[in-house]
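For reference, the structures are reproduced in the following blocks.
What follows is chain A paired twice: with chain B in the first complex and chain C in the second.
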Partner chain A sequence: MIGAKDIKTKICLGEIRSVDTVKDHFKRIKKTDPKVKAFLRLSEENALNQAEQIDNKDRKNAKCGLLEGVPIAIKDNIMVKGEGMTSASKYLEHYISTYDATVIEKLKEAGAIFIGRTNMDEFAMGGSTESSAYQKTANPWNIEYIPGGSSGGSAAAVSAGMVPFALGSDTGGSIRQPAGFCGIVGYKPSYGLISRYGVCALASSFDQVGTFSKTVVDSALLTSVIAGKDYRDPVCEPKEGIDYVRDIDNPNILKTLRVGIPKQLLDYKTDAEITKYFNDATNKLKLEGVEIIEIDIPAYRYVPALYKVIMCAEVSANIATFDGIRYGYRSPNGRSLNDEYAKSRAESLGYEVKKRILFGTYVLGAKNYHRCYHQAQKVRTLLINQITAAYKKCDFIFTPATLQMPVKFGDILPEECDLFLIAANLAGLPGITVPCSFTSSCMPMGVHFMGSRFSDAKLFQVANAFEKISEFDTDKYPIL
Partner chain B sequence: MLKEELEVTAFMARLDIKEEEKEKYLADINVMFDYIEILQEPGVASLKPTTHVTELRNVWRDDVVKPRAKDTIDQMLNGSPAREGTFYKVQKVIEAQ
Partner chain C sequence: MVNYETVVGLEVHMQINTKSKVFCECSTQFGAEPNINTCVICTSQPGAIPILNKKAVEAIVKTGLALDFNINKQCTFARKQYFYPDVPKNYQITQSEPPLCSRGKLTISVGGKEKVVNITRIHLEEDAGKLVHEIGSRKLGYSLLDLNRASVGLMELVTEPELSSPEETLEFLTELKNIVGYLGTSECSMEEGKMRCDVNVSIRPVGQKELGARVEIKNMNSLSGIRDAITYEVERQKEVLESNGKLVQETRLWEAEEGVTKSMRSKEGALDYRYFPEPDLVPFDLPDSFIEELRKQIPELPKARKARFIKDYGLSEYDADYLTSTRTIADYYEGALNYSKDKKVLAKPLSNWISTELSAKLNAAKVCISESPVSSQNLAKLVSLILNGTISGKIAKTVFEEMYEKSSDPETIVKEKELSQISDETVITKMCEESIAESPKAVAEFRSGKERAVDAIVGLVMKRSKGQANPQIVNRILLEKLKV
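Right after this comes the complex of A and B.
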C-alpha cells in the first residue's frame, strides 16, 4: 500500500486512476472492517463518483489539487454538508449537516475523496471508543483490545490500511493516544492553527482538529491543506498557506536539537517494555547528536485534575446546545418546556456524557465557581509557566505517547496513562505521536514530541527525522 | 455531593435523572471531587487565570450578511424535531394563571 503523498503524485502524473485507488481501499475495508468496526457509515457510491470526476479531468490542462483523488476518512464529529453527523451519540442519530466544516471545504478544494465516517467516543468523551452509542471499534493489531480514543475509528482505519489518512479531533490526547495504541502517526496542532468551524465542540479552550497517517510526511501534507485563518473560528490565527512538506527533510535537524525529558516521568508507573523502548529511542536520538536534557515540571502532577475540572465545565456549557428544540432528539414524554429539555437529554445522551455535564455544572455553580473552576484556571497558568520555562532549556519535550499499553474491552486505563499528552492541550501546544517499536505482545507503542506554540513546522521535521532512525516498519499492516 | 445537591445540579443542567440512577451518579461524581482538592494545593493566589492560551482579545469582524443558498432556512428547520411554517415548534412556555 502506498501513502497519500505518493497516491496524489501518481494520480496527477496519470500513472494510476483515482477510481482504482478508491476501489482498492473499499476492498480492504470490506475485508477488514467487519472485524475492526472503524466506520460508522461508508459512502462508496459518492466516493466513486468523486473519483471518476477527477479521472475524467484533462490531465494536461487541469490544476492538480494537493490531495487530488486521495481517499480520506473523517471522524464523525465533523460536518459534511448533506451528510449525517452523529458524534457517535443517539442525540444526533438523524441529524443532517447543513454546511461544510472549514476543514471539509479545504479538503474538497484539494480534491480529497471522502470514504466514510469513523467511530468515536460519544461527543469525543472517552479514551477507548467504547462510549460510542453505536459500536465498539477494535485495535487492528489485536481485536480483543481497545484502539484508544476518542478518535479510535480514525486511528484503527489508518492502522489497518483502510485509508491512507484520516481526520480526528484532540481535546485531551484524543488523536495522539489512539495513534500510539494503533502504531501510526497522530498529530495535534498548536491551538489556533486549524479552524474548528463545523466541528462538534467538546471543550473549546482545548479542542483542535488534527491528523492520522502511517507516515509523518502524510500528516504534514494534510496539515498544509487544512491549516489557516478562518473568520468563523475567532481563535484561528493568521498562519496561512504554509507548506509543511517542503522542508520536512532537514538532514541537520537532529544535530543541533535539544530535547527535554521530564523527570516527572519517573513518578508514574510505566509499562516495562514502554520504558525499555523509550530509552532505546532516546539513545538513538543521542547517537544522531541530539542533546538530551532533564527538565523539571512539577505541575504535571495537577494535569489529570486540571483537565477534568476545566474540560467538564466547558462540556456542560457546550452540550447545553443540545436541547431537543432546533435539531436532534426530542423526547415525546415532556410535560413542559423544562421537562422536555431534561427528558430529551436524559433519554438520548450516554452515561459518561451526563456525568461530565453534572460535574461541569457543579464546578461552574455560583457557590463553587471560585474554589473549583477559577482555581483550576490559575493552576493552568502555573503549568503553562513551568512548561514555558522548560522551553528555555530545550526545543522539544520527549515522552512515551502512553505510559501503558492498550487494555482489553471493559478494562480501565489508569488515568495517568496519557498525562503527558494532555499537557499539550492545557498549554495549547502542538504534539505528535510517532510509532516506535513493537512490544513482545506484537502490539505497537509510540513516542511523543511536544513543541512550543506554533513550532509545528519544526515539529514535523523532528518527527520525520525520528521516523527515519526509529527503524519502525511503516509498511507493516496488521493481518486481519 | 449529597443527594439534594445532585438533584439541584441536575435541574440546573436540565437533565432528568431517575431515582434508581442517583446512587451511581453520586458515587462517581464524589470520586471526582478529589480533583478539586488536589487543585487547592499549589500557591497560585498571585497568578492570573488562563481562560484560553491565545494572545487574542476581542476579535471583531464587519457585521455583513453573507449570501446563503435559498434553501438554507428550510434545511435548518427540517432538522428540527417539530416545525410549523418557518418556526420551530415548542411546548407552551407561559402557563395560564
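Right after this comes the complex of A and C.
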C-alpha cells in the first residue's frame, strides 16, 4: 500500500488510475470493515464516478490538484452537501447537509475522492467511539479493544489501510488519542488554522479539524489543502496558502532542538511499557542532538477539571439547537411545547450527551457561574501562562500520546489518560501524535509533540524527523 | 392619604437599519414571503458560525455618540440561553458586560420644563423569528415559524428609572425616535415591530428614596399602549398598596383590548439565562479611528436644527418644531429653501405649505415626504409664483393638485393652462364695469350702506376672469367705481 502523496503523484503522472486506486481501497474496506466497523456509510458509486472523471482528464493539459484522485474518509460530523451527517446521533439520523464545510470545499477543489463517513462518539463526546448511536468500532490491531475516540472510525480506517488518510475533529484529544491507540499519525492544528465552518460544534473554543495518516508527510499534505483563512469562521486566522510539505525534510532540525518533558508526567500512573518506550524515544532524540529539558507546568493537574467545565458549558449551549423543531428527531409523544422539547431530546440523545448537557447547564447557572465556569476560565489562563513560560526554555513539549493502552469494550480509561493532549486544546496549541513502538500486547503506542501557537510547520518537521528515527514500521498493517 | 410618585424605566429594542442581518448575509427586508430571508446560520444548521456585520456595530456606536455615551472599545458577545422556537439556536447572541455604549443621556421637555434622562447602556443583539398561531381570525391548531426576522440586528437601550409619568415616557420615546431617525440607524417603526419596548413601572410614596417593587410590562409596540399601560399599572399598584396589599416584582403583559395588565411570571419564576462569553466571536477592540470616523458622520440633531431654523429663517417655535420633527421633513424643507434667493421671505409660506397642503396629501396616501410626488424644488417654485403675484393663493391650490397628480413643474402648468393672474388694470376695470352693470340689486344695497354687498360683485368678476383676476386689484377698483 502506498501513501496519499505517492498516489497523487502517480495519478498525475498517469502511472496509475484513480479508479483502480479507489477500487483497491473498497476491496480492502469490504474485507476488513465488517470486523472493524469504521464506516457508518460508504459511497462507492459516487467515489468511482468521481475517480472516473479524474481519469478521463487530459493528463498533459489538466491541472493536477494537490490530492488528485486520492481517496479520503470523512468523520461523520462534517457537512458535505447532499450527504447525510449524523454525528453518530440518532437525533440527526435522517439529516441531509445543505452545504459544504470549508474543508470539504477545499478537498473537492484539490480533487480528493470521498469514500465514506466514519464512526465516532455521539457528537464527538467520548474517547472510545462507543457512544455512537449506531455501532462500535474496533481497534484494527486487536478487535476486542477500543480504537479510542471520538474520531475512532477515521483512526481505525487509516490504521487498517482502508484509506490513506482521513479527516477528524479534535476538541479534547479526539484525533491524537485514537491515532495513538491505532498506531498512526494524528494531528490537531493550532486553534484558528483550519476553518470550523460546517463542522458540527462540540465545544467551539476548542474544536479543530485535523488529520489522520500513516505518515507525517501525508498529514502535512492534507493540512496544506484544508488550512487557511475563511471569513465564515471568525476565529480563523488570516494565514493562507502555506505548503507544509515543501520544507518537511529538514535534516538539521533535531540538532538544535530543545524538547521539554513536563516533570508532572511522574504524577500520573502510566502504563509501564508506555514509560519504557517513551524513554527509548527520548533517548533516540538525544542521540540526534536534541537537548532534553525538564519543564514545570503545575497547572497540568487542573486540566481534566477545567476542560470538563468549559467543554460541558459550551456543549450545553451548542447542543440546545437540537430541539426537534426545525430538523432532526421530533418525538411523536409531545403534549406541549416543553414536553415536545423534552421528549425529542430524551428519546434521541445518548447518555453521555445528556450527562454533559446537565453538567454544562449546572456550571453556567447563576449560582455556579463564578465558582465554576468563570473560575475554570481563570485557571485556563494560568495554564496558558505556564505553558508560554515553558516555551521560553524549550521549542516543543514531548509526552506519551496516552498514559494507558487501549482497553476492551466496556472498560473505562482513567480520566487523566489523555491529559497531555487536552492541554493543547485548552491553550489553542498544535499537537501531533506519532507512533513509536509496539508493546508486548502487539498493539502500537505513540508519542505526542506539542508546539507553540502557529508553529505547525515546524511541528511537522520535528514529527517527520522523529518518524524517521523511531524505527516504527509505517508499512506494517494489522492482519484482518 | 399617601401621595405616590410614578417611576418608569424603559428597555427599548430598535431594529438596526442595515441591509443584511447582524450575524449572516441574509436580507432584512420587511414583509417578505416567510422563510425566504434565511440561511444555514440564521436557521442554525449544524456547523454554522455567526459572522458579525460591521455596519450593525457602526449603527450602535453612532447612536451612542449622538446620545453622549461612553463608547467601550472592547467589543464582546455573550450567549443568552433560553428555549423558544423563534430562537433557532435556543440562545440569543447579545452583549453582557461591557455593552458597546455605557452611560448616555437624552434631554426631554414636558410642559415647558427640560429634564435630563440618564440612559444606562446600549448593546447589540440579534432579533428572534416570528411564530404565527393564527391566519387572519382563524386560530390554527399548530404554530408556523417564520425565521425572516431571526438574527436581524437590534440595539437595546436601557434607561435609568428616571421617568416619572406617562407623558415623560412618551416624550422620551418620541425624542429618541426622532434622533435615531435623524441618524438613520433605525427606522423605529412601531407598526412594523422595528421598535419595541419593555416598560418597568413602580410607585413609591413621595419623598421615599427606595424604589418600589418593579413591574415589567413586556413587548409594548405602540405609544398609546405604553401610555395606557403605565396609567393602568400605576392605578393598580396604588389600589394594592391602599388596600394594604403587597406588591411583588413580576413580569406582566398588557392586554390592549381589555385595557389591563396580567401577571405573566413572578420574580421566583424568572429565567436563568446562563449567560457566558460567545466562543464563536472572539472579543476585539474598536480602533479609535473607527469611532472618530463615525463621530464625523453624525448629522445636525433635531434640537440644534430647530434652533437654527428659528434663528436663520425667523420661524416660530411651533413651525420649527413641526419641520424638524423628522429628518426627512427638515431635509425637504431646507432642500426647497435652497432654490430661493431670499430664504427669509420664502421660509414662512413654504413652512405653511408643507405642514398643511403637502402633509395632508402625503398622509392620506401614506407616502413619506422623501418620496413626495411634489419635489422640494417644485414646491419652492409654486410658493415663489404666489409671492411674485403670478398666481393667486387659490389658483395655487389648483396648480398644486396637478403637481401632485403628475409630479409636474408649476411654471409649466401655469403656462399651459394660462392660469397666471390678471393684474392688468384696464382689463380688470372693464370686467368690473360689466359686472356692476349686471348687478343693479347689489349696487343698490351697497349704496344704501350694506358694504358687504360688494362681495357678490367681486365673485362675479372672479367668475368672469376664471379666477385669475388679482383679487386685491378687483376689490380696489370695484370700491372706487361704486363709491363714485
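Here, the second predicted complex is superposed on the first by the 480 of 480 C-alpha atoms of A that agree within 3 Å, B and C clash if a C-alpha of one lies under 4 Å from a C-alpha of the other, contacts with A are read in each partner's own complex, and residues count from 1 in each chain.
The criterion applied here is as follows: a contact is a pair of C-beta atoms (placed from the backbone, for glycine too) under 8 Å apart; a residue touches a chain by one contact, two chains touch by 3 or more.
Just so we're clear, the structure is a prediction, and the values are computed from it rather than from any experiment.
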Chain A residues touched by each partner, larger count belonging to chain B or chain C: B
First (chain B), second (chain C), both or neither touched by A:Thr98: both
First (chain B), second (chain C), both or neither touched by A:Gly365: both
Touched partner set for A:Thr275, first chain B, second chain C, both or neither: neither
First (chain B), second (chain C), both or neither touched by A:Tyr329: first
Chain B versus chain C as contact partner of A:Gln53, first or second or both or neither: neither
Which of chain B and chain C A:Asn142 touches, first, second, both or neither: neither
Which of chain B and chain C A:Tyr197 touches, first, second, both or neither: second
Which superposed partner A:Ala313 touches (first chain B, second chain C, both, neither): second
Partner chain in contact with A:Pro234 - chain B first, chain C second, else both or neither: both
Common ground on chain A, meaning residues reached by chain C in one complex and by chain B in the other: 95, 98, 205, 231, 234-235, 316, 320, 323, 325-327, 337-338, 341, 361, 365
Residues of chain A touching chain C in the complex: 77-79, 85, 87, 92, 95, 97-99, 101, 196-201, 203-205, 231-235, 313-314, 316-317, 320-321, 323, 325-327, 337-338, 341, 361, 364-366, 369, 373
Chain B-facing residues of chain A, complex: 95-96, 98, 191-192, 205, 231, 234-235, 237, 299, 301-302, 304-306, 308-309, 312, 316, 320, 323-330, 334, 336-343, 345-347, 349, 354-355, 357-359, 361-363, 365, 371-372, 374-382, 384-385, 427-428, 453
Touch list for chain C against partner chain A, complex: 40, 43-52, 79, 81, 83, 85, 88-91, 145, 272, 274-276, 279-282
Residues on chain B engaged by chain A in the complex (per definition of touch): 1, 5-6, 9-18, 25, 28-29, 32, 34-36, 38-42, 44-45, 47-54, 56, 59, 61, 72, 75-76, 78-82, 88, 90-93, 95
